[in-house]
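In the two assemblies presented below, subunit A is common to both, partnered first by subunit B and then by subunit C.
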Partner chain A sequence: MHILKILFKNAFRHKLRTGLTILSITIAILAFGLLRTVIGAWYAGVEASSAYRLVTRNAVSIIFSLPLSYKEKIRQVDGVATVSYGNWFGGIYIDEKNFFANFAVDAKTYFDLYKEYAINDAEKAAFLRDRKSFVAGRKLASRFGWKIGDTVVLKGTIFPGNWEFVMRGIYRGKEPNTDETVFVFHWDYLNETLKKNASTRADQVGFYMIGIKDPSQAVRVTHDIDGLFRNSFAETLTETEKAFTLGFVAMSDTIITAIRLVSFVVIIIILAVVANTVAMSVRERTNEYAVFKTLGFGGWRIAGLIFGESLVITLMGCAFGVAATFPAAAAFGKAMGAYFPVFSVEMETVWLDAAFSLIVGLLAAIVPTYRSLRISIADGLRMVE
Partner chain B sequence: MGSSAIVSIENLFKSYHRGDQVIPVLQDITFDIAEGEFLALMGPSGSGKSTLLNLIAGIDQPDSGSITIGGVDVTALSETELAKWRAINVGFIFQFYNLIPVLTAFENVELPLLLTPLAKAQRREHVEMALRVVGLADRMDHYPGQLSGGQEQRVAIARAIVTDPTILVADEPTGDLDRKSAEEIMDLMDRLNEESMKTIIMVTHDPRAAKKAHVIRHLDKGILNNAHSQDTL
Partner chain C sequence: MRIPFSYSLRNLWTRRLTTILTASGMALVVFVFTTILMLAQGLQQTLVETGSYDNVIVIRKGSGSEVQSWIDRAQSSIVETDPLVATGTDGKPLVSKELIVLIGLPKKDTDRISNVTIRGIKESSLSLRPQVKLIRGRMPRMGSTEIAVGTSIAKRFKGADLGGELRFGMRLWRIVGIFDAGNTGFSSEIWGDVEQLMPAFRRPVFSSMIFRISDPSQFDALKKRIETDPRLTQEVKRETRYYLEQSEMMAKFLRILGISLTLIFSMGAIIGAMITMYAAVANRTSEIGTLRALGFERKSILVSFLIEALLLGLCGGVTGLFFASFMQLVTVSTVNFQTFSELAFRFSLTPDITVKALFFAIVMGFVGGVLPAIRAAHMNIVEALRTK
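Here is the complex of A and B:
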């Protein structure tokens, strides 16, 4: 017989009580894991952003554009390697609920700058040749079952009209956190159409995407760029890609703080539940611990029995919770794929699950252990339930 | 008899405190127990029998005085040392058997061996031997709830002897049993004393049980009366 066997047998003396305790830990771990995964998904864009890229936009607001003529001036700035640009197109595919990000981009430079979007040379060449073509991320293409050569119509919101595109390529993410749901087409196509229909809006870009040679120079480069256009009619605001992306998600900071707070409250409640279960079990068995002591089990061993039992309960709950988190997150991610391009359980979440369970298991055992060690053997033996 | 003393108790005092109140329980107890002796401690309820037995078994500490067992003054040991000492030297038999209900007879008897360096196979050998001695080799896999009171007490005795301790202490081992089971238990204790030369110290209210002992000592209000030898029995 192994001590572990005693721990399990002790833990499951009250099957219902222990079962319910384990169930509550499982649910807590699952909830914690999903919440963390949602937060992670929310910030996935920030995580995936590159330190080698800056974004320049209109200093007043992202909704105002910048002249195309800035391109050459930005290219002159020391430390700048590549200058690309684009517009948020905001087109709708059939129905609003089919939301995905779609951009008009400078086709020639875009894939050089976004190296994490892997596209094969043949498809890239086909894309460059065809001004009315587009490239989609792997997940986006599979979501709507698009094949190379398919025609896709987007209904313009910012740029009215029905816009027809032909798919010439599919890109894949090089990193696990790369967004594979983006739709990009030729900025030139957009611009030429605008020249015909709405000439005042032509030759304007929504933002510049700038590749820099050395991330440690990023701050200086942003200042240099913004300095070029100070006091002009369209002042610029240049930020690192990370800061730029963060600007979009940071609005929900309070929500995220609230979610975090809820996670910790859940942990504290679970601690109370486990502590109560362990305390009840140990109290009921005061007499047995006295017998163990009589047999020569010292303080450390008694503590080991109680801590061990507490850990058996919490770690089982943790194991079930972690096991449930993956399929639950997968189902959740599938349902919410449009809003969360990257939705996967991080390894860090699993470690945190384990760490919290361990801490709860240990904390819950402290008071019962202290109590059962303090009571003398003679007193313990007298306690017959 | 005439063999040397294995237990030597000198000027033992023990009192309990209840609030400000001091309740003297044992007062100036001095006596020896010879190796291989079978001693019965008798006396009215509340006279301090269990208290004395617990002191001898090293699960309680006296106010003053000494208890020397096999050459070791157990009153001088720390709690940790005492736990180690008990594991090797004392086999304890309780009135209510005190088996662990979720462990089988085998596992209950194996418990004290978990504190020894014995390997699994050796432990099995010892456990089986102990259960054979008490006549329950065929009940190894039964849980306490599946055994009669007498059988439970025999398992408890197997647990007490499995480490081959220096002394066996029993606090009213037949107190919860019917007469027939009580007799079986007393026969078993007698055999352990006769055949395995175990030193046994037993608290009992039952004169029939006490008859098996060689020596009977009476405690009254914490004071020990002279021993009567029962060698004639």
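Here is the complex of A and C:
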């Protein structure tokens, strides 16, 4: 107990300096925690994907479509339970800044396949009845203040024109990591409009979403589906939903790698600051340590004092930082909800915070300890600041 | 009377370990700051240099990029006959009707599929883009299933080198040439005959049209004429402007990311500088008392300590910049969200970024040093002299 008391007393001999050091560690831990949470949010879609779903798209690339006629053929494949389909609509609401994902989907099957999107039966029935209607996620609806019955106009980028929709329902996520920012409307509405205006583009879907009976059969089912359409005009590529989502995330992997590297840089910056503080404290106490040595305290005790002090400082900063990470992440998640549908701090981040504080505390004390142990008693006593 | 500059300099030198630690913290912040700005700059430069000022691009209104754009044969013929379309040395109009599609190809190192731009070209495409130079092989013959690939594609993608064959659109395409377009987006493209690629991808329409304008000062008149033509649904942009818009979102994203990150990090480094400067003041209390007793004013003390802090910042800034400048040797590639396709580019260091980084470092030094310097300047002479 005594040793802990002396460590705290030593650490807070310079209140201002120690306070500033702790503050800088707090900031660094906070920044590190937030950066890791941002990366985690990037992968949220991958985490939320279901093993019971496959996605089939055109093998050439995602911008090419598949004929609607594939639907019945896919349904006949052994192991397939439901087949739904959709198009990325890419509509803009008022301004490009208001980005959110909007899909034209097969209304009848969509909510059966995406069971984690909870919608009450009355709203679902209203949605199915009205071809010009749409359903939005809870977060998206509250972002723009949409209420049931409101009319929303999207400007098409892929499908030109202004498209009018009426809101008929709001879905909620059943899991904490379910994306609640999606906008879905009737694929039939899109298709009928295309038949009138651009008939060559009608009866084409962007991707099929396939529900399977048994996830362990996924590989065989993907092979069977792709085999059906080999050497046709539109060859397909079927993947599990996880692989499909991961493909999108992987596109930005350069940026993710950069953020990851940078989150380690902040740890090194903080190492420099803490090492500086410890070096200064130890230098000022050269006399004291010489007295300790004269009294017969061994080198390992002095080393223990220095390491202990360094650890007291870093671990206090770490505790404050971790405590601040949770409210900060909540505030950040609220402000950036449009870009990161799911934003929560993982337990792993907290463990990493603690590990890095420990490492920084130990590394920072190495050089000062080495110096104070090497100096002879006479030199230590003689040294004047 | 001013305290000599060398006083500040020597103080830093005496406390080497502390100076190095503090400056290296700042150097890291400056390094991150500079590299992210360099990344955004490199991306933008690559896309801006892709366009040329005299070239005009015609895309569908509201499509935003060539990938989502279309222009049918009848419409393209209307645009082609505009009097402002320049004529080449062979007497033919300098017009190219092009097709842009994306295909997925596996990368060499990771085997992961990434989107690549395929551009269907005409004979005049090359003369419209003087920055594109053939470095190996030859250009694809019109009317054949031959393609030429950009240097970044040849380097990064599997089987995309000279003599290789790529399979897409139910055909095999032989690579007969490799072209270099320097630091532009074309280096990340595959080129082939548009009249072969259109049926292969079953596209009945072109994506975009590019032509040279014979009198650049008449651009506004041309724009008005085409955009108000009731037969056309296209809009007209200068090529430079078009490519600038393509890079805007991504560059902005990188800049905001970089600046907000470095602001947070700089707080850590500023606190480091503050600790160092407070210690410098505390250790030199009697020295400051002596200086004041000798007749140096409070102002001179303040300035002297500030200079010390600024020097600390400058040290960090120069070190950070030095290491960041090596990043220019690195080429990175990422997917541009606006066009959805792979683009390779370099970190690019401009004088502007250098000045910004140094300024940033000095500001960090200043913010860290101002409070300690004020404390030093406000010391009481007698009390300061009395402390041991």
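Throughout what follows, the second predicted complex is superposed on the first by the 304 of 385 C-alpha atoms of A that agree within 3 Å, B and C clash if a C-alpha of one lies under 4 Å from a C-alpha of the other, contacts with A are read in each partner's own complex, and residues count from 1 in each chain.
As a convention for this text, contacts are C-beta pairs under 8 Å (C-beta built on N, C-alpha and C of every residue); 3 or more make two chains touch, one makes a residue touch a chain.
Everything numeric in this text was worked out from a predicted model, so none of it was measured.
When the two complexes are overlaid on their common chain A, residue A:Pro67 makes contact with neither subunit B nor subunit C.
In the overlay built on the shared chain, the residue A:Ile6 is in contact with subunit B alone; subunit C does not reach it. Greater residue coverage of subunit A by touch, when subunit B is weighed against subunit C, goes to C.
When both complexes are overlaid on chain A, the residue A:Leu381 reaches subunit B alone and has no touch with subunit C. Looking at the shared chain after the overlay, A:Gly296 reaches subunit B, while subunit C stays out of its contact range. When the two structures are aligned on the shared chain, A:Asn287 is found in touch with subunit B, with no touch to subunit C.
Of the two partner chains placed by the overlay, only subunit C lies in contact with A:Thr277; subunit B stays clear of it.
Only residues 17-18, 21-22, 24-25, 28-29, 31-32, 36, 39, 60-64, 67-68, 101-104, 112-115, 168-170, 201-202, 204, 233, 254, 257, 261, 264-265, 267-269, 271-272, 274-276, 278-279, 283, 332-335, 337, 340 of subunit C touch subunit A when the two sit together in their complex. On the side of subunit A, the complex with subunit B involves touching residues 1, 3, 5-6, 9-10, 13, 287-288, 291-299, 301, 376-378, 381, 384. Subunit A makes touch with subunit C in their complex at residues 16-17, 20-21, 23-24, 27-28, 30-31, 35, 59-64, 90, 155-158, 160, 200, 231, 233, 235, 247, 250-252, 254-255, 258-259, 262, 265-266, 268-270, 272-273, 275-277, 279-280, 367, 385.
The touching residues of subunit B, counted against subunit A in their complex, run 50-51, 54, 57, 59-60, 79-80, 83-88, 90, 92, 94, 96, 98, 100-103, 106-107, 110-112, 114-115, 159.
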